[in-house]
Amino acid sequence: MAERIIPPSTYYRVFAVLIALTFLTVGLSFLPIGVWHTVGGLFIGAVKAVLVALFFMHLIHGSKASWVMIGAGLFWLGILMVLTLTDYLTRHWLLY
Amino acid sequence: MPVFAQIQFQLFPERASTTAERVDALFFFLTAVTGVMGLLVTTLIIYFAVKYRRRSEHDRTPRILGSLRLELIWTIGPFIIFLIMFVWGASVYLAIAQTPDDAIEIYVVGKQWMWKVQHLDGQREINELHVPVGRRVKLTLTSEDVIHSFFVPAFRTKIDAVPGRYVQTWFEATKTGRFHLFCAEYCGTYHSGMIGSVHVLEEEEYHAWLDRRAEGSPALEGRKLFLKLQCVSCHTGDAQGRAPSLEGLFGRTVVLQDGRRVTADASYIRRSILRPQADVVAGWQPIMPSYDRLLADEKEGLGQEEAIIRLIAYIRSLDRDQTPVRTEDFPPPEVNPATSDKMTR
Amino acid sequence: MSTVLEHVPQAVPPPAQPQVHYLNVAFGVRSWLLTTDHKRIALLYLVSVTLMFFIGGAAATLIRLHLMTPNQAPGSGLLTADNYNRMFTMHGLIMIFFFLVPVIPAVLGNFFLPMMIGARDLAFPRLNLLSWYVYVSGAVITFWAMLRGGTDTGWTFYTPFSTKASHSLVVPVLIGLTIAGFSSLFTGLNFVVTVHLMRAPGLTWFRLPLFVWSLYATSVIILLATPVLAMALVLVAVERLWGVGIFDPALGGDPLLFQHLFWFYSHPAVYIMVLPGMGVVSEVITCFARKNIFGYTFVAFASIGIAVLGFLVWAHHMFLAGMSVYASLVFSALSYFVAVPSAIKVFNWTATLYKGSVWLQTPLLFALGFIGLFTIGGMTGLFLAAVGLDVHVHDTYFVVAHFHFIMVGGTVMAYMAGLHYWWPKMSGRMYPEGWGKLAALIVFVGFILTFLPQFVLGYLGMPRRYASYVPEFQVLNVMSSAGASILAVGYVLPLVYLIWSLGYGKKAGPNPWGATGLEWQTPSPPPPENFAVTPVVDRGPYEYASSGEIEVIGGGVPEQAAQAAVQEESHGR
Amino acid sequence: MADKSAVLWHHFDDLSHQHEANALGMWAFLATEVLVFGALFTGYAAYRFSYAEAFEEASSRLNVLIAAVNTVVLLTSSLTMALSVWAAQVGRRRMLVWCLLLTALLGTAFLVFKVVEYNEDYREQLVPGLAFDPGKWKDTNPAHVQLFLAFYYIMTGLHAVHLTVGIGIVLFLALMAWRGAYTPAYYAPVEMWGLYWHFVDIVWIFLLPLLYLIGRHELSDLHL
């Protein structure tokens, strides 16, 4: 198989980072930081997700087509969210 | 010929509001543009199909791959036309969405399957709406159950009544007469029966209509008394009440317990209030207390008879389904609904 | 500026009539029900969707019969109000989810996508068979529910009516539809992977037939939209069963959230329904005009453009639903953007006829019918997308007419075009041409008579989903019902003669139309493996021209991208 | 060694072609899965913006300790899944079987913890419809708290369903691996379902902050 094989040592390192990030994000929730709970949590979550996708899911060596697929999924999720929120976030806008 | 005369046939709806003029102008513009484009396309197709029809099995055809210039023309050309359509449509819409401040305010509640209209001065109507010609009218709508949609074709006015929130629209009628009112959002079995009419009246007529039950009118004051004196706690509008419904009572013949038949006129009602035991309606318990000497209100300077007149006027005006509910389930909101437009909190 | 290409299109040497083809390779019920051959699965789908169409059509017939009279007195009319509501709900649901969404992809696409790209089968044949079984189970569940009373929510399932007020079998229908959704998901998944990985050597992206492009775009929409519908329906079911309040205003929920989720699927779904039809039309027009498609790259990218932009416009169904004014304006503008690629296609098809050798056979008649009716339907979509005008025509028969023009006048016409075009390949027999032309004519006339009056009705203000209406609307309604009966004849006719042709039709050679697609380079009906040897492709899909000369029209440079694509990209996948 | 012709379908040129198709198919499927959960995330976002206080308040009452432990469990299962793919790639059959079994075991542990947590939610009156005490919510609107909880159950429930399916598939893979079905030349199913497993993990990675971490927790809530 032409595919590149990622060695276990990489997996262990990624795993260590993931666990560290988990402790970090849970730790943050005990601090009084207001809206940053959501922002920070989602940001750390995104980093973790990217790590999992790149290494555990081999996306880093993945074919162009698989990048396109997952990119499309995320892009369309963005459309759904952003356009739905154009309604919700502007409901209280007044015209006069 | 009489057969044909009976057939009602229309091709274009009546135009009876200022909005209708704007909407129709947009409609004619769109019809013209799309008409031209549609004709262009169909003519070309038919022309090509005839001119270049196959004459033999061995027809030779050229190799035409395309033309960037043409492609650009028919990408950008329609796009510009579309932009004009958008801007025009948006401007018409903004005129509809921007509700005026100097308007008559009317509250409309949709309910399976009727429209309950409540004027600010207290009149209520069902499946009817009376408005004056040439005045702006602002509607604030909500629904008690599912989504309905308030639609007056002659005004080109439509808006969904959504449960749990208020939405607003407005119109200004330009013609007197009676116009259809439809429910346009599917709402269940009798969706198509949720129809009524909008009566556009001349200003004076409208005031006369208002006066029949309007602010300061005896009927409206009577309604307030009816609520204040708790009559409504027994005389509910439905069959569950401890007392007969008073809707449509006035002028009817009432059968009493002792077999007498009396006409429910003003004096009968007055007696019923002051000495209820005198004329007990057949089938009911004589539990109604006498209101003699309880009706006057010193602070308001209101005498007993005055109060009775008002009550009578109110009972006289009381139509089907208009008995107020004890807790007034949908009172007009105190705040300007526009500012509470966000989801209900 | 003109370039001479080496090859001149030629008629394919007809291979000898094969002994074995996909129909006679095995017999018996098992050989059909357990087949993984995409061609047989396509036929299974053909039978199922045809059945669905006639059931949905029977419901339409009842609707139109009922609407012959205003039915204003309670209890008058053919149906009760409740039954009328159930009838149009059933009509809409069957026609959309069980007929129009699968019809072209699962029948014509299933059959011809692999053949057009020179593959032996779809990437996942077993998934393909599973998709049919899933479709059938979805249909069975839905029908079971419909026979036990059905549901009366309209095909849109708006909350809170569907969650609280309706007293009908909403949940079973939702389950049936969700299951059916998986079947189109499987088909879409299969198509995407197949187009990416199974193309024959030399078949570059820009040599793909436009039907393949449109199916690819359709599949992308299916993959990305269907899951949202499934979730929306599941949430309605959950809310109805347990009252969790997600869409319930009494509990702080927002009914509009459902509409957002529903239309996020259902607007793109209208392009799921029309894109494959557009692909069919591109095939038929080029073949019967014996011409290269005009502006190949533009038509191909228009499909992708529709697939992407089609996701940005869903809330134009909600202009009056209580959405924010700002959002209404955004969605109105975006709705106009998505109309541009459709316009590009219409103009390119028209230009393709120019200097062609136009052969007015049944498939082309249907295809031209598609262009005309789709244009009218699409342009009335422009009316609806103008927010200010939608205020008046929203939820009236204007909308009903709009979508029937596109879906019946457009897609069903395109399906008929494709069915007639490929019938010789699928069955090995020619259909009777005279009858075909007659059917095309009847359908066209019946269609116009049925749905043109509905535009007038709509602008007059007749709301849709009305079991009774005010008497002034009667004349137009009677016209519409009369048209529908003509239309019925037009649809029953092909059913009869196509079945007849199976036994008595003239035997078709491998390529009765002189078409250039790969699917015509193999015997009719095709052998189980489609091709004796995997074809090697060295040219674009529509090299019909008899001279190698590139002619330039419009005064500009010839469309360079297309040219470059045809000439340069000669490597395999 | 598995017989090549037995695992190669007739319409592919060779195994690597088939492998590529399987992987791409799974990626396409995952794109749809993104939108399955995406629909819920969107609904969540709409209400999160509208009823921010209620959502934060409700979130801070959930049990963050179990959630954190579960996150670690699930991440570990992802590690073992990744290792199984590696084991398949280099042909270590015993390691493959064990890693797959471990993955399934960790997945099951996650579900068990989740049940414990649901049970605790029930005792804490956090289940709308079954056990919910509006009186406990003084500063916020209980209706909106219920909305949050509805999303909480639907999202975690759907995630649990995905995980359950995953456990079944991983067990099946383990069985096949034990029988020697996979070789360095043919291990597409392990790789393909590995992708699925990691995806389910990623979903949880986002559920953790969205459901448990948007409000502030107190150390005393942990009942350590």
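Going by the order they are written in, the chains are A, B, C and D; count residues from 1 in each one.
One rule holds for everything that comes next: a residue touches a chain if its C-beta (ideal position, glycine included) is under 8 Å from a C-beta of that chain, and two chains touch if they have at least 3 such contacts.
These numbers come from a predicted model, not from an experiment.
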Count the C-beta pairs in contact for C-D and for B-C, then report the pair with the higher count.
B-C
Centre-most chain, if every chain is reduced to its averaged C-alpha atoms
C
So, what's the distance in Å between the C-alpha centres of subunit D and subunit B?
51
Round to the nearest whole Å and give the separation of the Cα centres of subunit A and subunit C.
36
Averaged-CA centre spacing for the pair subunit C and subunit B, given as whole angstrom:
40
Give the residues of subunit A that touch two or more other chains, as numbers and ranges in rising order.
65, 72-73, 76, 80, 84, 88, 91, 95
Subunit B residues touching 2+ other chains are 94, 97, 342-343
Which residues does subunit C have that touch at least 2 chains other than itself?
196, 224, 228, 250, 252, 254, 256-257, 260, 264, 325
Which residues of subunit D touch subunit C once you look at their complex with the stated criterion?
9-11, 17, 20-21, 24-25, 28-29, 31-33, 35-36, 38-40, 42-43, 46-47, 50-51, 128-129, 141, 143-144, 146-147, 150-151, 153-154
Subunit A partner contacts - residues on subunit D that touch it in the complex
16, 19-20, 23-24, 27-28, 30-35, 38-39, 41-42, 45-46, 48-50, 56, 64, 67-68, 71-72, 75-76, 78-79, 81-83, 85-86, 89-90, 184-185, 191, 194-195, 198-199, 201-202, 205-206, 208-210, 212-219
Tell me, which parts of subunit C touch subunit A in their complex?
196, 220, 224, 228, 256-257, 260, 264, 311-312, 314-315, 323-327, 330-331
Touching subunit D in the complex: which residues of subunit A?
1-3, 5-8, 11-12, 15, 18-19, 22-23, 25-26, 28-33, 37-38, 40-42, 44-45, 48-49, 52-53, 55-58, 62-63, 65-66, 69-70, 72-74, 76-77, 80-81, 84-85, 88-89
Please give the residue numbers of subunit C that touch subunit D in the complex, ascending.
119-121, 123-125, 185, 189, 192-193, 196-198, 223-228, 230-232, 235, 238, 242-246, 250-254, 257, 260-261, 264, 529
